């Protein structure tokens, strides 16, 4: 259920509608747009008594939403969502493409600082790195935990990068909400609804990766879970789907980008590393991602990938990442976007704590 | 890494090997077989110093395991695992096929008791019913929570059934471990490794459903997560996979049953309801499941499916379930199995609490 | 477009409707049922002038068909089609399940006669064997061609079996229509529409295998191609679909059987050999096929599979096939079907021509 | 089996090796490279007597090929194949990207000439258009047949375009080899081996589309069928694969491009129209195709798509195609390629014959 306010409706009128929605036992989500305000209503299993709302002052229209998602829908909010980060020029969904890069796992302060320096030099504004790793095998390296988060936070200060890292349960999510700038929900947890609800109550933006066999509707419903709890800063991520094709680790579904742009106002980025599975395919897939209209890329970069504790085979060397970024700059122009410029980075000594 | 003890090795010798493994910083899992004991070793990222183990008294052989799973493997334990339930004749993996039935969700005491009575009369020994529901939409019925567990526990007492119900996070899992007899991990959480580890520390057997796009290796690795924490009572469940085929909700992958039987000692049952998505296909798929060699079935049954709060379209009426069970009895014979006999059930009044 | 005649309509009335349809430039397909006759109309790209037909004598109703297929539909013919073979008790789609067995390829007269004798002893009424082989590699054995067909025809005479063999182009199809009893269209040619049209003009029944990635609608449309040319004796065959699952060669889609039974009057059999890819999974899948309601099985059997020129790994030994058949007999009862009884076969000397 | 000649081997030496191969009963395929000549050997089911070849004059090495394909492999020919067209600057696989465009079906002379003029103006050198249409329904428009080929040939003369059109059986293939410049084998016929062999004996280059569920190996083996008959001018085409994803008609598998480039010397182009299924996604997918490294695009363009007899929904308007082409020009630069320049086209009156 969606209430569209008049173009000239006052803030008081909007507030009065919200109050009435709450009296009915539902939850209002005011979403100011460029020209008018819309109010999403959630918590209603069936039809809300629309009559009582349509007669309130300032209401233009009450729309019954047939799609199972509401808050993520372009019907509710036609302008693109731009996710912003306090104290930084970094955005996701704006004119500038978001570049996120870094190692699969944080392995040590020295390892992370080396990569972070290289990443910062290319102009990328986001540093990725896992501290809690969801590994297929219980016997594989499971991440450094809170210590890894401390190292990530130190690198943020040193290089002026926003930190993106994955949460796997309620404990890690609470820590990440405190240490990092963006909470990643991995592909395997895309329908871990308990975790999605917690992410919806967190203070930081959420990077939600598409599950390996998730339909577009399921991806949007997962985003809806996060938004329905009040966190509207959600960024989607396509990272390849599982098909019969055996020549790449996963099949990067570039078609999902224009489909997402049509249905939702949320940004979507591409992860070419997990789709490729092999270093030599990362740059071609990254180019395809920008060309098809994604809002950014998240790329695995490691200074010594042959010794990486996870995902080494698909990690780029820093200079490969820099070269790829150059090529992306021209493609970005074709789709009306920009890339952040390379910048000077102060020499930082990564003293082990 | 796997240590095979001699056929005549003493318990003391086995204990000494376990002690040595712990000194090395790893975790031993003694698994007694019919003729000899095997000791699985987990926690070793690379190669354990095998030499020091192969020279201990009573050791027949030290085997480097190439498959990523160890504890689930038939190499480690050649006899079929039979999961037993204290104070009950119910088993999973024995000569008698396990029949689990009940509604998708617990909706009320009256609703559950009506179904439970019908289920018990067919001879089935397990009652299924969800109290915590992982729903695709945040606005759909999410289950009765702990109150639902209380109703399930009451039905267990009234009808002598074992209760199977799904956990979705650490809180629900702790409650289910206390109220129920078997902890279900749903398909969407098959790679929620944090939850799998918690299930591995629980006291009750685990029913682990295959993810909608999980390979057989991934399913076995998920079971390995549970077992690596010390809970060896794991039952697998095939419930259909996601394919291009659009004539059924999911594609029931019957081929996985003989493949599972070859690789692991763990039992596997089939869920024809979620595969079918429609009531009229449940019985044919259930027959196929028994014919192909599954250790049991889990079936959705509801007395008034048109008014069910979830999954009504795929729920059988009680008399359809009873008829299906009759047909299964003859097919079970062909594969050398039995079905529990129908039994008299005392009239129970489902007084609302 | 479908014309339903009255229950008491005369043959003359039916003929008059057919004549009118032809005058309109379309093609009539009279399909007599148990209680009344239906007339399918094909060749109409859009709507036929229904008014002119509905007013003719004996016409009960004119139905606009929304599904893209017409002749295959149960709407047009509600009774199950039973495919019969002149001079034989063999049927497909009747009470007796159709058992088809034999080697992947005809390799020699001696090889085929050994298998044919074993097959005939189990009671099976159909002999399979390829003379024209569609091989993935141009360098692999491509079949014996017409010489293979001569050997098949000789085996038919010697053992009283109906012969099923695959056509791959117009030349092989013409030969098979002359030598054999049933024309197989393989999975790779399911949408070779030129070949389907030729099969529709042939005199022998057609066994149409589902393509590896064909939806149910596409399978039915392929059958429609054959029927639209006038050959109404079409038998469908499920032989596994391509999915991400890597534990079997293909994923046997048992759910398609009840779905086919609902939409079409045509029979459908199962090929467990190509689905399994490995000998030890053929019998379990065959049992699942009968249990789910298929009208028969087609199974690869070879007396010396390790030396087979194709598909050896998935071919059963004759005694394995005989044992499997015994188990199927009991499962057939559960679904209200029978299996042909074992029979004595005269000793035949397979003199090389 | 592959024979590598010395860098300085004479033509006579190469010929002598070919003669010897023929004496052994196999077929030699000399493939001259930039620095040396390789000779592929086909027709050998097992191992050729390599010794007798390795001792011949001018032979550097005899390599046993483990991959099932030989002639398509980069091991046999390391330089990229550039397919050329007599009397034209058009190429596929060279520095200039190949642009192929036109309607799904030839519907009339007027329709085709209008599109052809628009296509030629953008600079594209190839005109596509179907005269024999493989349609899912036997009741749908099946193409204009030979009359359509005559119209295509007339448009070639009028606008200086190379004509690409699809063959569906031996009759249509013979006609197309006579009328057109490139023989398309459609996705549904990718494993119609009888047709592939005929294409291998034709005089014109072959455009081979990947089957909807074909693995990369299967695609390469299909190309091997064509090449093994002596036609080495094969161009591959990715047009989307069948997956569970329902937001596009097919899933465009961009990852296959770098994988193809690694394994084979053959060019590969992308068909964004069939992958998209909807007009508004064609340009983004086309951009992704060029960015990922494809050798060209084949695009459906129609002047009045709402009235097209087939595939109207996915056909671009001519001006949309022109705009898309402009964007591709800049992306081509990033991957070191060029696009043909727009050109003036003489006004042509499409007089109906």
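Here the chain labels run A, B, C and D in written order, and each chain numbers its own residues starting at 1.
The rule is short, and it goes like this: a residue touches a chain if its C-beta (ideal position, glycine included) is under 8 Å from a C-beta of that chain, and two chains touch if they have at least 3 such contacts.
None of these values were measured; they are calculated from a predicted model.
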item	value
Proportion of interface numbers common to chain C and chain D (over half same, under half different)	same
Higher-contact pair (C-beta pairs counted), A-D versus A-B	A-D
Cα-centroid distance, chain A relative to chain C, in whole angstrom	51
Centroid distance [mean C-alpha coordinates] between chain B and chain A, Å	35
Euclidean distance of C-alpha centroids - chain A vs chain D, Å	39
Residues within chain A bordering two or more other chains	213, 242-244
Footprint of chain D on chain A - complex, ascending	213, 215-216, 241, 243-248, 251-259, 262, 275-276, 280-281, 284-285, 287-293, 327, 330-331, 333-335
Touching residues on chain D, where the partner in the complex is chain B	242-244
Complex contacts: residues of chain C adjacent to chain D	42-45, 68-69, 134-141, 168-170, 188-189, 191-195, 197, 211-213, 218, 221, 224-225, 228-229, 242
